[in-house]
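Shared between the two complexes below is chain A, which pairs with chain B and chain C, respectively.
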Partner chain A sequence: MIIVALLLATQVAVQDPRLERLDPETRSSVIAIVDSAREMGLPSEPLVQRALEGATKGAAAPRIVAAVRRLAADLGTVRTVLGARASTPELEAAVAALRAGASVPVLASLRDARRGPLTMTLSVLADLVASGVPPDSAAAVVLALAPNARDVDLVEFRRAVERDIALGAPPAAAAAVRVNAGARPGTAASRP
Partner chain B sequence: MRTLALIVFACGTGGGVHAAQGQVTATFEGGISAVRYDGFLTSAAAALTPAVQWQHPRGRGFLSARGTYLQFESGNRSLDGSANGSWFSPLARHWRGELGVSVGASDYANIASFSHGAVEARIHLMDDVRGGWLGATVGRASFGAGARPVTVLAMGLWVFHGEVTLFASADRSLVGDTAYSDLRSTARWRRARMLLEGTVGARVWSRGGGRGVYGEGTATWTLGRRTALLVSAGRYPTDAVSGSIAGRYVTAALRLGAVSPRIRATRALSINVHAGSSDDASSDRARLEIQSRSDDEVSLTVYAPGAAAVEISGDFTDWRPVQLSRQAVESDVWVGTFRIASGMHRINVRRDGGRWMAPAGTTRSNDDYDGDVGVFVLP
Partner chain C sequence: MFEQDDDIVERMIRQLRRPVSIDPGLDARVMGEIAAAAQPGKRRTWPWLAAAAAVLAVVVVTRPWTLDPGTSRADAFQFVLVAPQAASVSLVGDFNDWDPARSPMHTAHGVWATVVPLAPGRYRYAFLVNGVEWRADPAAPNAIDDEFGTPSSVVTVAGRGS
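Then we have the complex of A and B:
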């Protein structure tokens, strides 16, 4: 049964015409990783996309394979944290947050703190860290907002912090000021 | 201050406004400011402010437009513009009606954009030296794609006493979920070449608009027929309608052209829904704006000054390069419409067949291939 499923999965991947842009050796390696990931219940589309991105950018075969393999591993890590029901966008956002510097316990805390989709919460966390907010500080403010803030509020919050940083505020201070100012529904953009 | 200017205009008695003569006036201000927005660090800025106004020959209305270009010490720049106009009904005994329109937009650094538009109606009761009015404003204010309704209810009283004008008002502003009330009093005194204006106010009953007292003062010293020196300082509150945030400022400026009072330090800042940290030199050469049109159809606009060709590539194109269309001949704006599902996406932009780069307006991330990729999230 497992062998049949594996064969079917491999067949699906092979038939994906997009992967024909890869050279045969790279394609073979990528398909193997994709199949393995699918076997574990991980989404295949992000992996295919990462391979296609490498092809478009003219990356060498080993780099493409390594990038896809690394992404598969990260998807596996965050899926373990977020659970089997996590959507593909959530998993992708969680990988971005993980790579930005958020720890696995922080991801678990966000999962517990927030009801509903985590995509925006995780992407805001990743953005804050990318903006220079230390991972611990970013995690603290996002965790503070996560239970009650709507997605739109989180976007507003991120805007406000990035604006502060653009004006010269230290990133950690900007995040702290904004969360202390009460970045709650519908008000973050217009608060002093 | 704008309200006071309106009152002066409605009465046709302001020193800088002569209701019997229609005219176009233009001014240009150049100055330096020190600004501290609430929750921010103090920043110095150089400001250039052109303004133009047309007045109806018989004082029945006016149109004005104003822009401000700011260069902060950080190297960031801000640009905002606004226009407003009012039409006044003929004075019927002591009553006069007013209908006004205002629009504005602003852009800060490489992230954008705030805009608003509103219509305003007022009824004035006045005689030669005193009066009062009631007014209501409705409109929309938006950050990026998120528009919010605007409603402002206001009332005011004024009195002329020799060279002094006193004005007091109360208003209630509702902008989306944000609501606040302001109580404000303004005094204006003119003597020879000097004009002094001061405002004190308090924000109360606020939900999301901040609270507290504020005050501003401006001194205008007329140097010549078309030249004036202005010094202004104070603290002002958040204005959720125009998108400015509360702060303190000190400004010194030179005004050329027709001389009339007032200068304000820079206030408007705006940001992009997908604002990110792609701010290096290469990103400045391509700025991306993302606008959801319907369902999963998304319009991508790339500003690429000087480019002869612009391509994008992303997970929504299966990483196949797609040539964008130039919006108009010789334009720096390139556009394309794509079907993009909600969630996190990766994108690169390429100018004239060069290297792929993360466009400004996205969050730059390492792409695993020794380069950068722009990341954005569609809600």
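Then we have the complex of A and C:
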């Protein structure tokens, strides 16, 4: 009985006061997902932020709960790929890449190809897809750049591709041309 | 003519969006100057001592050895939205708990801007115009997994030295 009381007290203590912005029903569902994720060693902050985003945007309760649950599942998937030592930003970026269409084997290849943090690499992959580059093309070019490019190089590469697309280049071609140009020192994909 | 205006606005945005970098030694120098000014008679004699004390104070307060190597302290990022007709604009995102009250933007001739400190990571955000209208950042990648029916953008902050 005492143990149960202590457990309940602990549960109340760890509840995030920010979640009070959610209605009671949504809040209890989100807390259950967050607690479950935490028990699995997954970061809770992205889940809290997704719930708060939904609340601020006035989304319906089922939509908020579904979004948080889906994010928890995706965080679990990418954590399996990237490993238990992956940071929260890496996991969040990996989820974005996964949702952009990068397959689990592509994520694993990026993990193996790049030394150091993967956050920017995965983010650039997701952002390229958001710019219109087909997922397979985006994955191929980022995999080509991953072993040697610095984070600033990757950001500059993404910006160059976005500029080319804005000027009318087909997205896949823009990415391919830029990655080929980046293979030569002193060209646009390198740091200015 | 409008294209010229757009070009000027675009250049202004690019300038405004440049990260504001603050010299990490600034605190130490300021504290050193304050310490020296507080003791005018000793300013020439012990400036190095004041500076050393200031550096020690900064080191003790910030405890850099506690920082994870994969992360670093937040850099200031400026967010800008051109919205000449807007009466109010707020920046909301993962970095401020999606709370419109936390990062109100300030305007100069319809160019709304605010500065937010961001640690390395990937953040979703959006602009809330007049308290009702959601807008993505036209100068940033879109969030492709919007699940709430409104546009959002993403910003990714790299760790230092990466």
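What we mean here is this: the second predicted complex is superposed on the first by the 169 of 192 C-alpha atoms of A that agree within 3 Å, B and C clash if a C-alpha of one lies under 4 Å from a C-alpha of the other, contacts with A are read in each partner's own complex, and residues count from 1 in each chain.
Everything that follows uses one rule, which is that contacts are C-beta pairs under 8 Å (C-beta built on N, C-alpha and C of every residue); 3 or more make two chains touch, one makes a residue touch a chain.
Being a predicted model, the structure only gives us computed values, none of them experimental.
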Clash-or-fit label for the pair chain B, chain C on chain A: clash
Partner chain(s) touched by A:S131 [first = chain B, second = chain C, both, neither]: both
Which superposed partner A:G116 touches (first chain B, second chain C, both, neither): second
Which of chain B and chain C A:V104 touches, first, second, both or neither: neither
Touching partner for A:M40 - first (chain B), second (chain C), both, neither: neither
Interface residues of chain A shared between complexes with chain B and chain C: 18, 49, 52-57, 59, 63-64, 66-67, 70, 88-89, 92-93, 96, 99, 119-120, 123, 126-127, 130-131, 151-152, 155, 158, 162
Interface residues, chain B side, partner chain A - complex: 37-41, 43, 72-74, 76, 108-109, 111, 143, 146, 175-178, 207-210, 237-238, 240, 243, 245-247, 269, 271-273, 275-277, 313, 315, 318-321, 342-344, 346, 348, 356, 363-371, 373, 375, 377, 379
Chain A partner contacts - residues on chain C that touch it in the complex: 70-71, 92, 94, 97-100, 120-122, 124, 134, 141-145, 147-150, 152, 154, 156, 158-159, 162
Interface residues, chain A side, partner chain C - complex: 18, 46, 49, 52-57, 59, 63-64, 66-67, 70, 87-89, 92-93, 95-96, 99-100, 116-117, 119-120, 123-124, 126-127, 129-131, 150-152, 155, 158, 162
Chain B-touching residues of chain A, taken from the complex the two chains share: 18, 49-50, 52-57, 59, 63-64, 66-67, 70-71, 88-89, 92-93, 96, 99, 119-120, 123, 126-127, 130-132, 151-152, 155-156, 158-159, 162-164, 166-169, 174, 177-178, 181, 185-187, 189-192
